[in-house]
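Listed next: structures, encoded as structure tokens.
Each of the next two complexes has subunit A plus one other chain: subunit B in the first, subunit C in the second.
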Partner chain A sequence: MINFHRTLRAVIQRNLRIPQNSFTRNLSSDESQKKKEKAKLPIVRNPFDNAQQKTKETFVDMVSIFEKRDVHRRNHVEFIYAALKNMEEFGVHTDIEVYKSLIEVMPKGKFIPTNIFQAEFMHYPKQQQCIIDLLEQMEDNGVIPDYEMEAMLMNVFGKRGHPLRKYWRMMYWMPKFKNLSPWPVPNPAPSDIQELATLAVERMCSIDIKSKIEMFHTEEVEDSIDKTWIISGMSEEQSQLLTEHKKPNPIYIEGPSLIWLRNKSVHYFTLRSDPDLEKLEKYKKRQIEDTDDVSKLSTPFFGTMTPPRPSALAKQRSVHEQNDGTIFAICATGTSTKDSLLSWIRLLEKSNPCLSEIPVLFKFKSIVGSNIVPVSTESDKKKPLDLEKIKVV
Partner chain B sequence: MIRSRLNVQQKQLFSIFKRTVHQQAETAVDDPKLHHSSTAIQRGKPKIPSKDPLVKNFLVGFVDKQLLAFPEVIPRDDFAKLEKDTWGMVNYFKDSFESTITSQTLNDLKSLGLFGLNIPQLQGGKGYFLSESLLIAEYENISASLGTLFSSHRSVIDVITECGTDLQKEKYLSQLADGSIIATDAIYEIEPTKDDLFNTKATYDVDDHVWILNGEKSFVVNGPTSDLFLVMAQSNPMSLEHEHQICCSIFLLDANTPGVTKESSENKFGDVGVKTCAVSFKNVKLNETNIIGGKMQNHKVGEVYMKYSRLRSSLVQLQLSKKILNHLTSYCINTKQCGTFLKDMDNIKDKIASLLCPIYAVESMIYYTAGMVDEFEDQDVTLETAITKYYSSMTLMKAASCAMEFMGPKALLKGELAEEYFRNAAELFTQGEPIESLRSFIALTGLQHAGVAMQDDVFRSRNPLFNPMHMFKKFIKSSNVDDISTSMGLNEYVHPSLAGPAECIEHCVARLQLCVEMLFNRYGNEIVQRQVEIAKLTEIISTCYAMFSSVSRASRSYCIGLTLSDNELLAATAICLDGKERVKVLAQEIMKGPYLTNDNNLQRMSKQIFKSKHYFIAHPLTYNY
Partner chain C sequence: MIKLRNFEKILKHANKAVSFHTSSINETFWVKEKKSGYSNPKNHNFPSKKELIVEGFKELKSEIALWREEVSEKLRMDPIVVYRPGEVDVVYDFQDRNDIDKWVVTSDSDHNEGKSKASLELTNAESGLFHGFVDSQFLKDGKIKRTGYANMRTLRVKKSFKRDATFDWTMYNTLVMKVRGDGRSYLINLNTEGYFDLMWDDAYHYALYTRGGPHWQDVKIPFSKFFRSSKGRIQDRQCPIPLHLVTHVGFSVSAKGQSDGPFNLEIAYIGLEFDPSNQEEFAYEMYQQDKYIVAN
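What follows is the complex of A and B.
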């Protein structure tokens, strides 16, 4: 009997790659013994690895098969760990119903402590830890539990169970964190690239509330090669800064930089110049003002709300004038190619005629090719770029 | 017994005035300049030297007790004569008057001499001074349209008589007097300016020695039929020194000058009688004779203009408020609801009376301020006129909304009198400078004055470690706004029945001074940017002036026994009690600062509104999980 258990553990550990310390202690001390035992016993396979179709349906089916297989539901902890590990592959890692069905695997009533000592010393620690890990995974994936889950946990572990405490803490914090982001992104993030790019540019431009997000089509530019879209963000103030830009100094198209929206990323480019140190120095000088002198207050005149102050009349440093450079515009294009960026400059010229007199240079941080994919999901990222088609600029 | 004591005091007071008048008459002979100005006015009492500004000094905690005597600027004989003169006018407006202004009406008005009320008799006008011309304007203010027409016409005349060159006076005044040309102001613009005061620009052409005017002015009252415009325009900075100063020049401009175009009249909400329109200027060439007030005095000219125009337009507003009150009264008398007349219901009584109070205060302020202008030479009434305008605007809006509360949907039915009043009230409320800017003007003008006086104190308080003795002294005599004691003795200068209200004024002024001190200590000259506190301060300042002028007027009326003057006592008492409570609350808020009051909460919320650019709050029925 002991042998059997050892073997089973060894098999499950191998299949599920569960860290050893969370398992049993005296298990893998003897590798050769393990191998012998393995040969004697039938191999318990991880049902999730062998699934043909990795969908929610098969996942739930497998859980119900496990439930019905025998009355004792042997190895249910191991089964739950195995299931948790494979959830993402089946695309159900954000699905609360699936988590619930996993909890449902636990037998009811058996694990409820009957006295205070059991309650405090973690009655059935392995089972409790298993469900705590399940809840932890839910939390990591941003799945907020519901009240039904509370009832289920109550039935399995009683009201003094540790998983329930974990549940209550989650229910306190998770709703609070859910909407805390000042730049909320729809959940799930849109899969349409263009929509995603608009969201990204909007969020980056929110620093200046007068920013205008425009969508250009490169078809409008006569000699453009790439026919694609450009999402461009620029504000009135940035236009003004561009007209004030000293003509012989070049401005740069810098990028591509990466911005993440949930699990998707967008490449974007900025139009910027080197910092105008002279101007920045001037701003600094103006900030010094004696606030103690109240003998020369000025009054408003004819319909103005506040009187003009010397410092108000002087130009204020704008948020776009940073120490490392002045940012004039941001864009994301459909192809992220050099040609589409050129089209962007041409299109910006319509509302900013001064652009035609300023030299514009490309300053690429990484390889920009003709077919770079501007938006990539995590799975896309793993694929190596097709190096042959990329021209290094 | 009380009476006799009062009489003694009043006699003392009047003797003070008489003495100063006498001195003034003597000096007037020696000083050719003063002599000149007195001939220009021609009628009325000669003016006496100016006093320190009244309301501005409230901010430093000083009340000129002598000014509690309500000014009697029109001599008794003149007053009788004035009544006789205006007899025809009264009848004209009483008989039949329609709100639309036709050429026939204009001719009638010309023959009545209404266009030249405030023009010296030498130039063919009636030569009335401010109080008199306001008194007569009350008759024509039967229509809000005429009121606005005349108030802008006369304000321009006031500017010409006070700041114009002899040439300009000669050129325009006699024509303005007989109504052959009508003047108006062209100041406000529809487009907000970015950095300057005005979008209308005047540039000086050095070669041709002419000014070239470009731009457009909107909301020009009576624009379509006006012949003379008072235009304010942004002009070049005079020198590099004034680079950061806003320079504006003020021009007198004939409507038929080449380059001036009157646009079609604007479609407005109210005031149908008088049309407003936009006037555009395209390369209008002007020479030195068109500039009023010279190069550097434009600020002064602007102030003179604002002084008169504020006062005159608040009179128009007052008349409309009175009309609304009368209309409501008759409505309440004639309307029965479930067996009770409205007039017998306590809440209606309460509302009507609490509408009477601010109207009384506005009337007192207008004639008190005008009296000061007429009584003293070059008296500083900038703040007083601004407060009067502010208070009368607020009162008018209160009256107009009161009608809606009483009458319900009927108040906005087309053809109803209340509806016309409401539209006109809205029109008058928005005419001229915006209320919000008036609000900041009042407090900041006061603070400017107080800042000069309190500079040393503020400097010491803001640098406490360098001035330990000062801080120690302040600590010892520390007083708070909740519980204040004063001993200005204002009650000795009013009728004994008004001793209580006089004490209220004292408390309010004392609280005001504490607030000003606190604000200076807290923000230094950055107070200019604290608009929330500024608005509260404005409320306090204007309440103080309303109380002061009402008490002054009620005291006079009761002492000389005018009809129903006991009710004036009641009105003044009500204004003071109400004002005292309001000032106390506001002063406490200022003392507590933004973090203990609601100010900071509101600031934070508004930040989010602008960040989200819309109403951002989630729907109440939304689920989060």
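What follows is the complex of A and C.
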């Protein structure tokens, strides 16, 4: 009876979403039963909250302790839900082995339907839903299951089990999109900022395969204040464009802008100029005539001579010459300060001497804009969200 | 028995306080309206019936002009027969304010389900900038499981007199875009809203990976790659997108995988192309499955 009561209570608590305290409070409000109830109510503690060290070892240990506690493994659904909730805290939410150990908690054979009605009407629904939720959490965290997991699920729910269906769907779709990105980033993304910046600059410069990614140290520059690193990307074509740049017109260092690599972001700066409209117009004119177009045929007998056709061998427009400006170089620095960017220009001057004659201006965007979420402190986290204040966009 | 009676008491008490479900919500087939409970009439300030009639008459002129155009188009009987390869027909671009008004931007904060914010703005480079931030924080009320998203979607395609229409893209086989992103991956959504409630949420998706950086990126995605889903779930029964039934075009971004923070997607245009080199009908397998396993 006590066990039944405990299960019931856990189920009610989960479904009603009543905090544990209020549950006891409600019970104790009934005065005639007050003392008896207090004596009989078991104390349910969440073992995951009380863990001293939140590591993978302790997590797996707790699962194995639960498994070995008794033959019946009572409350295993509640246990799995509690475990799923706390996985991120233990840093095991992307670990397939841990998910497997949780599936291992389920008894084998018992939940396999033996006839068609059981199969169709979701035999042992709570248990099946629990494992579906587990698989869903794996999906959300981008963990692709493996064939061992299929065998485990087969042992628990049989081949007509709903978790199996979920598993097959995941195994069909997830690998299709896993490596689809044309700009792959290691999973998890590196936590070293310098490494991350190199990846980011390489990715941005992939537009031009001749781009050269270089790492500079500001120590090389005399009278530089910030001693840091600079990852810079520039191609031959961009150097050429820089030498062709009309001298009195200034060029800009624009930034910082943001680039995301998985869940990490890097600030970068671009060296650019306003679009050279004359040049762009020339490119437009030079476009090879469409010989199929019969809408403007000219008669060569009267009037002025037709202008000579432009040579097909003409200089092509570079990818860096965009309608909104010409891009000369991209960089990410260790400190993202004005001084480090000044050092970047000094270092670029070595390979592009023309830079010393061009005025360089800074065009800074403020990082802390009005639309950026302030980093929440510990005290903020405890407060409930004030959803009233959020304006609808 | 005493305990059970106690339990009933608590239930009654709780029922008064908040409405909740003790079991999974039993809404299987019938759906009341297209937004599935997300269109809150309290949020809309509908004008009175009289105002609606007056405003409606004002629109009569432009609607009749539209209708005349449609009729004359039909009488002309001169459809485009050959779609020349390599030619991009632009469907949506961002030249002026009117182009921005064709889009609706939503995020989880619209329904008090999160803190994400988004907006769509016109830039100097004649493009639309979809920006804001996505935040996966939410009020733990027991109903919401996860959040942190922002969407932009076009208004429903309409004929004259505000009648629902659909795009007819059957002559094309490639979606062409010019975008400038921030390295995040976005989701392209093509809605094919059907007549019956079961088909209201039909949508076809594909991922849009952005390079990031200051350079523009040309995107070409064959329509055969788009997969089918409903209410955010990939469906077991897949089929190529019915290109004559497209009703909306949209983009989504989420804070999945702890990627909370600002996002930026600049779109110059969205167009269509017929590419004869692309012969694929559907990119996903359509083989027969065991009975009672798939779509069950």
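List of remarks:
Keep in mind that, in the parts below, the second predicted complex is superposed on the first by the 301 of 393 C-alpha atoms of A that agree within 3 Å, B and C clash if a C-alpha of one lies under 4 Å from a C-alpha of the other, contacts with A are read in each partner's own complex, and residues count from 1 in each chain.
Rule of thumb we're sticking to: contacts are C-beta pairs under 8 Å (C-beta built on N, C-alpha and C of every residue); 3 or more make two chains touch, one makes a residue touch a chain.
Being a predicted model, the structure only gives us computed values, none of them experimental.
Using the contact criterion defined above for the overlaid structures, shared-chain residue A:Asp324 touches subunit C, although it does not reach subunit B. In the superposed model, A:Ile209 makes contact with subunit B only, not with subunit C. Between subunit B and subunit C, the partner in contact with more residues of subunit A is C. In the superposed model, A:Asn263 lies in contact with subunit C only, and not with subunit B.
Of the two partner chains placed by superposition, only subunit B is touched by A:Leu297; subunit C is not. Applying the stated contact rule after C-alpha superposition, one finds that A:Trp173 touches subunit C and leaves subunit B untouched. When the shared chain is aligned, subunit B comes close enough to touch A:Asp146, but subunit C does not. Common to the subunit B and subunit C interfaces on subunit A are residues 182, 206.
Put simply, subunit C touches subunit A in their complex at residues 2-3, 6-7, 9-10, 13-14, 20-23, 43, 105-107, 109-110, 112, 115, 117-119, 124-126, 131-133, 135, 137-139, 141-142, 146, 182-185, 207, 209, 211-217, 234, 236, 256-264, 284, 292-294, 296.
Within the complex, the subunit B residues that touch subunit A are 187-188, 195, 197-198, 232, 244, 246, 299, 302, 306, 433-434, 436-437, 440-441, 444-445, 447-448, 451-452, 454-455, 458-459, 462-463, 520, 523-529, 531, 610-611, 613, 624-625.
Put simply, subunit A touches subunit C in their complex at residues 5, 8, 12, 15-18, 23, 26-27, 30, 33, 37, 119-120, 140-142, 160, 165, 168-169, 173, 176-177, 180-183, 200, 203-207, 254, 257-263, 265, 268, 270, 272, 319-320, 322-324, 327, 330, 371-373, 376, 384-385, 387, 390-393. Listing the residues of subunit A that touch subunit B in their complex gives 144-146, 174-175, 178-179, 182, 206, 209, 290-310, 313-314.
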